[in-house]
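Okay, so chain A shows up in both of these, paired with chain B first and chain C after.
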Partner chain A sequence: MIEIVATGPLNTVQDLGRPGYRNIGVTASGAMDPLALRIGNVLLGNAPGAAGIEVQTFPFQVRFSEGGAFAITGADCRATLDGVPLPPWWTAGAAPGQMLELFPPLKDARAYLCLAGGVAVAPVMGSRSTSLRGGFGGLQGRVLATGDHVATDRAADGFLPKGGFGVVPPAVALKDAFPVAEGGALLIRALPAGEHDLFGADAQRFWSQLWKISARSDRTGYRLSGDPIHPTEVMEMRSHGVVPGVIQVPPAGEPIVQMSDANTAGGYPKIAGVIEADLWRLGQARIGSLLRFVPATHAEARAAEQALAAYIADVHKTARLVRQALAGMA
Partner chain B sequence: MARRDRSTGRNTIGDLSDPALISTLAGWLEGSGANALEITTPDGGGLKIVLAAGARAVRIAETVPEAPAVRPEGHAVRAPMAGLFRDRHPAAMETGPLAGAGRALEAGAIAGFVEVGPVLLPVIASKAGMVGEIHARAEGLIGYGDAVLTMEPSR
Partner chain C sequence: MSFQQAAPASIVPDTDELARISFIGTRAFLIEAPGAFDLPTQRRIWALSHALETRPEIAEIVPGMTNLLVILKETPETPEAVVHALQEEWRRARGVDLAGREIEIAVTYGGEHAGDLPALCDLSGLSDREVVRIHHEGTYRVFALGSAPGFGYLHGLDPRIHMPRKTVPSLHMARGSVTIGGMQTGVAVLTGPNGWNSIGFAELQMFDPMAAAPAVMAPGDTVRFRPERIEL
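Take a look at the complex of A and B:
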C-alpha cells in the first residue's frame, strides 16, 4: 500500500493495455513505454502484465505506508528514497513510512513506478490500465490525486540485496539494435502504409525531414510539426481501424502518430506505421524534440522485436540467478 | 552431514562476514566434494555456506585473487559479486566516477556497480569516509569480494 503525497496531472495506473476491444470502440490504452513497465515487473518478480504507475508529470511523491519492494524504470527521474538517491532502472525495498520522490527527468518523458505484487485495482475487460477517455480502469477511471491510496497484490517471494539492484537501461544495452540519434534527433523506423504512394513526391519529404513533436501531443497521439506533406489529389476515405503507431496525415499536412490511447478508427490517409519495437522509444520522446522516420522492412522490424525479447529474457534469467546467488551468500 | 567440532576458545578464522573469507571458504568447499559447511564461534558468531546445485552460471569462487593489501586504518569496499566493474552508471558515462579519490561518501552510498550481464549490483560503502586508494579498474573484471577501493575514516 502506498499513499500519493504529491503528483502532477495525468499520472495514471497502466499495464500492457486492453487489446481486443477496438471493434466496440474501446481504446487499448497501456503504458507508453511498455518495455520500462515490463522490466520493472521483471525486477520485482511480478507477472509481466502487472499494473504500475506511469508518471509523466513531476514531482511525484509517494509514502510507503506498509513498506515493500518497488522498481523505478523508464526516464531517469533522479529518484530518492528518504532523500537518498537511487540509480535509474533500479529496484529496492522501502521500509514502512519511507518516502519515494521522483523529479523531472532531464531527458526522456515517462517514468514507471512498479510495486511488488503489482497495483491492485479491478481489471476491466482484462486490463488494469486507466482509460481516461472512457473513465474506467485504473483507479476509478481517473488520474492519480494527492491523498490516493494505492493497494498492491501479494508480492512474489524473492531475495532483495541490501541497496537493491538494477539493470543496464535498454537504451544502453540495446544501442546496436536501435539506431542512434543523429545530431540529437530520434530515428524511428516505420513501414510504408496503405496511402503512402498517393503522396507522390511528398512521400520522400515525409522520410527525409526532421519532424518536431508539437505541444499538442499526449497519450492519444503526437502531432508533428514540419514542412507539410499532401497527397497528389484530395482524398475521401471511409473510416477504418487505427492502432498505435499509425501515422496519419490530416488535410493540413502535418502528421499525427497514434499512441497508446489511439483512436480506434480514423479517416485520414495513413502514410506509414511505426514498427511496434520502436513504440517504446517514441513513448519516451519529449514534446519539442526532433525525430526522423526511417523506412524499415518487415525483417528489420522482426529483428528489432527479437532484440527486445532477448533483452527481457536476459534480464529475467540473470536477475533470478543473481538473487539466488546473493541469497545463498547472505 | 558429518559435524566436526573444534574448540579453540576463540575465533581464529577472522571476520566471518568478510566476503573474501567467505569466497575462499566457498572455493575450498567446492573443491572438497562436500556441499555445505557451518562454522560457529564461541562468541555467538556463525557462518553457513551451502553450495546450490545448478547455480553455477554466476561463478563466485576461483576468480578471487589475493585481496589487495589494505592499510589497517582504512577499510575496503568490496565487490558483491564477480563481474565487470563500473565506476559510474552505464547510462551516465559523461559524468565523473561515483567515488573519485578524496571524495566523501556517506554510509550506504553507492561507490560503483558490478555488471553481471544486464544486471547491475551496487558496490556500497558500508561506513562513511573519504575515498582513499582505488583498486578496481573501471570496466575491468572484478572478483567476488575484491577490494574496489579503500576508504579512510572521515576526520
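Take a look at the complex of A and C:
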C-alpha cells in the first residue's frame, strides 16, 4: 500500500492495455512505454501484465504505508528514496514510512513505478488500465490525486538484496536493433498505409522531413508540426478501425500519430503506420522533440520484435539468477 | 481497381471484385469492400467478420463502415500470404443478415441540445418539423460500433437530411445528443468534442463498462427513434 503525497495532473494506473474491445468502441489504453512497464514487473517477479503507475507529470511523491519492493523504469526521473538517489531501471525495497520521490526527467517523457504484487484495482473488461475518456478502469477511472491510497496484490516470494539491483536500459542494451538518432532526431520505422500513394510527391516529403511533436500531444495522439502534406485528391473516407501507431493526415496537412488512448475508429487519410516495436520509443518522445519516419518492412519489424523479446527474456533470466545467488549468499 | 456501384436491391454480392487490403502498422490489415455504402455491402462485411472470428492467428476483428480491420496475434513473416488469404475469404463471403435486436430510443427533438437543427434546415431547405419527422420515421441499422465506447454508427438516414460533419468540431457536445454525420446518424455516448450535427437528445445510456455486455447496441440491430417531445 502506498499513499500519493504529491502528483502532477496526468498520472494514471496502467497495465498492458485492454485490447479486444475496439469492436464496441473501447480504446485499448495501456502504458505508453509498455517495455518499461514490463521490465519493472519482471524485476519484481510480477506477472508481465501487472498494473503499475505511469508518471508523466512531476514531481511525483509517494509514501510506503507498508514496506515492500518497487521498481522504477522508463525515463530517468532521478528518483530518491528518503533522499538517497536510486539509479534508473532499478528495483529496491522500501521500509514502512519511507518516501519515494520522482523528479522531472532530463530526457524521455514517462517513468513507471511498479510495486511488488502489482497495483490492486478491479479489472474492467480484462484490464486495470485507466481509460480517462471512458471514465473507467484504474483508480475510479481517473488520474491519481494527492491523498490517494494505492493497494497492491500479494507479491511473489522473492529475495531482494539490500540496496536493490538494476538492468541495463533498453535504449543502451538494444542500441544496435533500433536506429540511432541522427542530429538528435528520433528515427521511427513505419509501413506505408492505405492512402500513402494518394499523397503523390508529398509522400516523399512525409518521409524526408523532420517532424516536431507539438504541444497538443498526449496519450491519445501526437500532433506533429512541419511542412504540411496533402493528398492529390480529396477522398471521402468511410470510418474504419485503427490501432495505435496509425499516422493520419487531417485536412490541414500536419500528421497525427495515434498513441495508447487512440480512438478506435478513424476516417482521415492515413499515410503510414508505426511498427509496434518502435511504439515504446515514441511513447518516450517529448513534446518539442524531433522525429523522422523511416520506411520499413514486416521483416524489419519482426527483427526489432525479436530483439525486444530477447532483451526481456534476458532480464527475466538475469533477475532470477541474481535473486537466487544473493539469497544463497545471505 | 474500380469502385462500381453494387446493385442495391440484391444481397448477392459481385464476387469478382477484389477488396482493397492495406496495412496499418505491422499486425493490422484493413479490408475495404468495393462498391456502395449500403446494407448489402455491410452484410458481406458481417459475413467476412463471422468467417474470420474463429481463425487462431487473429487477435481481434473490428468491423467498420463497409470495411473490416483484422488484427493478427503476431507480425506475419509474409504479409503477402495474409493479404492473399484475406482476399480469398472476401471472395467466399456471402451476405448474411444479422438477427439483431430492435431498439427504440426516446428522443427530445429540438430544444437546448439541437444546436445544429437551424443549420440543417438551411442546408436541406426543409422546415424543422419536416427534418424531425423524416428523422424519426426512418428505420436504421447499426452498421458498426466505434469511435467511443458503445457508439453505434446508424445507416439508413434519408438523403434529404444528410449533412456533412463540421470542419471545426463542437467542443462540449453532451452525451445523449442525437446527431447526424454525413449520411449517418447516431447518439453521442460521451460528452466532449464532436464533429456531428445535433438535432435532439436521448436519455438512454448506451454503455456500461461493468455490464457483461457493456454496449447496448450491436451490429445488425434495428434502431427507431420515438419522438417523446418536440421543442421547436
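A few notes on this one:
Here, the second predicted complex is superposed on the first by the 330 of 330 C-alpha atoms of A that agree within 3 Å, B and C clash if a C-alpha of one lies under 4 Å from a C-alpha of the other, contacts with A are read in each partner's own complex, and residues count from 1 in each chain.
Just so we're on the same page, a residue touches a chain if its C-beta (ideal position, glycine included) is under 8 Å from a C-beta of that chain, and two chains touch if they have at least 3 such contacts.
Treat the numbers as computed from the prediction; the structure is a model and nothing was measured.
Aligning the two structures on chain A places chain B and chain C side by side, free of any clash. Of the two partner chains, neither chain B nor chain C is touched by A:G8. A simple residue count on chain A separates chain B from chain C, and the partner touching more is C.
Touch criterion met: A:A173 reaches chain B, while chain C stays clear of it.
Here the vertex is the CA centre of chain A, and the angle it makes with the centres of chain B and chain C is 160 degrees, a multiple of 10. When the shared chain is aligned, chain C comes close enough to touch A:R133, but chain B does not. When the shared chain is aligned, chain C comes close enough to touch A:E305, but chain B does not. Touch criterion met: A:H240 reaches chain C, while chain B stays clear of it. Legend: residue contacts after superposition of the two complexes on their common chain; A:T318 is shown touching chain B, with no touch to chain C.
Superposed on chain A, the gap between chain B and chain C at their nearest CA atoms measures out to 26 angstrom in whole units. Comparing which residues of chain A touch chain B with which touch chain C, the overlap is empty. Interface residues of chain B, counted against chain A in their complex, comprise 19, 22, 49-50, 52, 55, 57-58, 60, 80-81, 89-92, 108, 110, 113, 115-122, 124. Residues 19-27, 124-125, 131, 133-134, 136-137, 190-194, 238-246, 251, 263-265, 270, 273-277, 298-299, 301-302, 305 of chain A touch chain C in their complex. Chain A makes touch with chain B in their complex at residues 76, 84, 87-89, 161-169, 171-173, 311, 314-315, 318-319, 321-322, 324-326, 328-329.
On the chain C side of its complex with chain A, the touching residues are 20, 22-28, 30, 32, 37, 59-69, 71, 75-79, 144-151, 153, 167, 189-190, 192, 207, 209-210, 214-215.
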